[in-house]
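Next come two complexes, and both contain subunit A; in the first it sits with subunit B, in the second with subunit C.
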Partner chain A sequence: MSIYSNAKISVRQFAILIMIGTVGDSILIMPTITAASSKQDAWLSMLLAFFAGILTGGIFAAIANRLQRVSLYEAIRQRLGLWFGGFFFLLFIFSSFMCILTLLSEMSQFMTTQLMPETPVNAIILFFGAVIIIAYRYGIEAYARMGEILFPVMMGLFVLLVVLLMPQIKWPNMLPIMARGFLPIINGALPAYCTGFVEMAVLLMLVPYVEGNGKLTKHILKGFIVGGIILFLIVLISVLVLGPALMETKYYPTFVLAQKIMIGHFLERIEAVMAFLWVITVFYKTLIHFFTLTTGLAQVFRLKESKMLTIPLGMILLVCTVVGTPNITTYNQILIDYYPWFDLTFFLVLPLIMLFLIIAVKQKPPKVQGQQPQGQQPQGQQQPQQPQKN
Partner chain B sequence: MTSVLAVLALAAGAFWLEAPGLIRRQQFRELSAFLVLLLIGTVLYSLLMLQLSLPNPFMLVKWMFRWMGTAKSF
Partner chain C sequence: MLYKFAISMLCLLMLTGCWSRRELNELLIVLGVGVDWEDGHYLVSFQVVNPSEISNQQKRGDRPPSTLFQGRGKTLFEAARAVTAEAPRKVYAGHLQIYVIGEEAARRGINEIIDNVARDNEARMDFNIIVAKGTKAENVLKLYTPVEKLPSYSMQQSLQTSEKNWAPTIAVTLDEAINKLSSQGSEIALTGIRVIGSPAIGETKQNVEKFLPPSRFRYSGIAAFKEDRLIGWLNEKESRGYTDITNNLDSTSIAVPCGEQRYLGVEVTSSDSKIKTKVVNGNPEVEVSIRTEGNIVERTCTDVDLSDPATIKKLEGQTKQAILGNVEAAVQRAKELKSDIFGFGTQLEKEHPAYWNQVKDQWREEYFPQLKVTYKIKMFIRDTGTIENSTIR
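This part shows the complex of A and B:
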């Protein structure tokens, strides 16, 4: 019996997972990648990315509602058949694999450059990966509940960060507004939009586990809006406190922001406490992508369970992360110049094709009436309300 | 060499943790998937520990979207 049999999460937990996932690694890297193009207009780039993100959330919600709690793989397989549907879904899984590599890279780089410079990068990835694997093996209900507990902590730390930085705000840092035109703002908005919002297409994998049969639009949009507001405020505060030059040159401006907190010489150097906020958000985003990777593979290969895949996949991910990040400069160049297009292709165009297929193509009838192919009961997808279940 | 032995020990540990249950439940498809992935993971990890050159997965992304770099240069 799979650990995910009849696993259910509430709509509130679902929305929280989306909120934390949206913030994800963006909270660490967003100020740099927006300021690289749009300088002091980074906040405008983020605002643009936010509105585009809400629209994208609407697209994901449309897909989620039409899935009617059937797994994404099952919906695709019913329309494209076993082989083509499987191939199509493998592309989606591959994109999650690549996304996990970026997340692990960012996490390990952050830890080695800012917090634990003496610790080997392998050790950091190994321990972070181990926590992800353990969380996955405990099941979606466990980490959705944990998310519910950690969300107030995350919000508390975020509010504390914003409030404590208020005295250091310098409004002239925003000026001049749109001095170089609109194009740099769009250039800055693209990676922000992709990293923050488009990569959350993986929420579609969580849909079969959400309890009830109601529409999910409100909850998905709530997740995107709250996550987007957090990211917007982080970029805005970065512009106002650090200014565009520091934002652009520092790899982790949010960390520098936390270092700047100094209240009356008694409350200072709280960046290590703030780092907990980033660890939570990166952890949850990685976990949701790892869930997509592992559960998706189990579904495509018609496995009854998936937890035995976690350790081997963890080993592969560790190797690919270490190999994929020879140095921070090469990695950042790929991340800014090429990765947004990868995200758009695999996390936006693919879901759009999925939406088209779900709307336009009729489900293929089962070959033998009353006999369920094994692929229709993949790991972790045994929902009692699935219409095709006996 | 010690690091490769550590990787092999990790792989053996994973096998000891997962395989008996899968065999007992006669889940041979799951066992095959596990063994294939474990083999890939062990080989890759051992190569990494031996400091042999492995292809960078992000170069695949760069290769797929290299036309964007060309487009930007115009």
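This part shows the complex of A and C:
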């Protein structure tokens, strides 16, 4: 595995990647998916999702700290053995694959409905995917640094969006608060929590590349908190400026927000510039998932290098995106009704099992450490039985 | 070598230009849209800019500043595409200023019209929606207008200026319309526009060659809707009451009678209104509080002594009565039409959500027409212009 771990990113870059990933595609769809169930209480849903997200961040941090810069696959393999551990890890990778499909659909649908209606989705996915593949091939150091550069751009656009909309805030839009009880709020919080925070379980894949040996809790939580606050503000300002009816009606309320900006008669029609904000965030989220998918596959199948996987995977993703989400109605149904449960199963339950494994097996370190340096196939095959006997 | 060749070949792909590019000279820039319902079809009129006529460089002047293209169809989209049978280019709605709905189409229902524009990706949300009163939308859009060359622009500016400075108009944008149409507790109301004078001349250039254009547009009255159908018009007095209650009134003029055919002019400089709801013995009650400030701008009657604070007090009382008359008339009319254009229901929902859930289904038919509305109006006269009592006798 040493070939993958000589690249290093700083803790600051790590936190920024988590933060941009948390904002991800959520910034585009969060207002709709929360308002669909909780109407004017969408911001409460988001707040609930935010607190749940911080807790989840804690869980991920617990795993990340215990990994001690060993790759996630290695950690699982040490506990579950080659076959069972490999299968377990493939499940995790598979969910990343699914997640990329939703992200690519999201991006291409946004482009075709709002900005470029005559361009075929294939073309948009092709170019978006091409950039992701190129970024991946440059390596984690390069795009982590790029994230550091884009971070102020993104924050600047976000602050601009919020500040320029301040004059249009209508406080009565918030009322009545919690008129229909707590259940709709929870219903709205669930998809928000899943798309925003649970999907960031892939940050565990970045852990081996973070420099130093310090605890990562602070940096993971920092990323989650900043990202969560951005999402919360977006939902809040959608409620205050657009009102629940528009939030629910329009597919991309954030884009409508950007359209609403009108200061005097000169600072208006800047939505295409604002769109850059979520192009950045969706790009990074997709990239981190793509990183998980490609690097994960290379680790499981013990490939010397993972770059050769990028183009075939990109082709598979392109086709699957178009086939998997033939129209926006199907996509929205999947996203709101089914996808949260998928996320919970693969990105929350799986990491919880991992955490359990890591803690439980940690009590017998000599066995694991004794076999680690050899780590060859004949011995690896014996491994599955050892933890199971325990 | 192969690598370089491949790269240069890939560059060729980029040279073909943008995919769905649409250059300025391929666009028909739509400023105004008119929708009419005619014999089971939609008739959509697009008022588009004639770019060469409004440019400052070449003064041609032999064509109108904008042209009307029309299309018919069973759906609005079909009608919009049918336009290309006449028009040389495809329409572009990104600069839409005003959306006129013909009275007949409005009486039929505007949900499908609003749905169509809201779904469109080109149209933004900042244009104003109005109703052509007693006429077809197309007639409103084919009119030479003075001062502003582009009629739609002229209409939008006029609407926004009059909303600010003259009470009985409201500039409703698409997002407000969607919010009102989605809510059970408030009905939509749109400003009406009429063409006055002789429409036949309005279509020709002679219209703007006269000092007083023989044919003009004029905003008049507010159309009240029930669900999505137009059911009646508010007259000017009621429209003023409407804008006052809904806090759309900024500045206006109020005439206070002070003698035989004489009126004292009061300029309203600011007006704020608040709607409060109560539930008393299971019945909803609404309290409308309005706080208005104004100045005296005309002293027509010499016996009004503006140097005496008591006179001001008296005038405040009289102005208050005038405002009260407007708002009562508005509420009365809305109750007759069973159309809660003020959004009292929405306010009730915000303040008493549990109660609202019980009454919302009967709100339109039972509760709103019998709603008890009380008014609390405060009027302050602050200034009397640059003079007190003038020495003119």
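We take it that the second predicted complex is superposed on the first by the 356 of 390 C-alpha atoms of A that agree within 3 Å, B and C clash if a C-alpha of one lies under 4 Å from a C-alpha of the other, contacts with A are read in each partner's own complex, and residues count from 1 in each chain.
Just so it is clear, a contact is a pair of C-beta atoms (placed from the backbone, for glycine too) under 8 Å apart; a residue touches a chain by one contact, two chains touch by 3 or more.
Quick caveat, the model's predicted, so the values are computed rather than measured.
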Which superposed partner A:319 touches (first subunit B, second subunit C, both, neither): first
First (subunit B), second (subunit C), both or neither touched by A:309: first
Which of subunit B and subunit C A:118 touches, first, second, both or neither: second
Touching partner for A:6 - first (subunit B), second (subunit C), both, neither: neither
Residues of subunit A touching subunit B in the complex: 98, 101, 297-298, 301-305, 308-309, 311-316, 318-320, 322-324, 326, 331, 334, 337-339, 341-342
Subunit A-touching residues of subunit B, taken from the complex the two chains share: 7, 10-11, 14, 17-18, 21-22, 27, 29-31, 33-34, 37-38, 40-42, 44-45, 47-48, 54-58, 61-62, 64-66, 68-69, 72
Contact footprint of subunit A on subunit C as seen in their complex: 19-20, 118, 121, 124-126, 175, 178-179, 182-183, 349-351, 353-354, 356-357
Residues of subunit A defined as touching subunit C within the complex: 113-119, 123, 172, 175-176, 179-180, 242-243, 245-246, 249-250, 256, 259-260, 262, 268-269
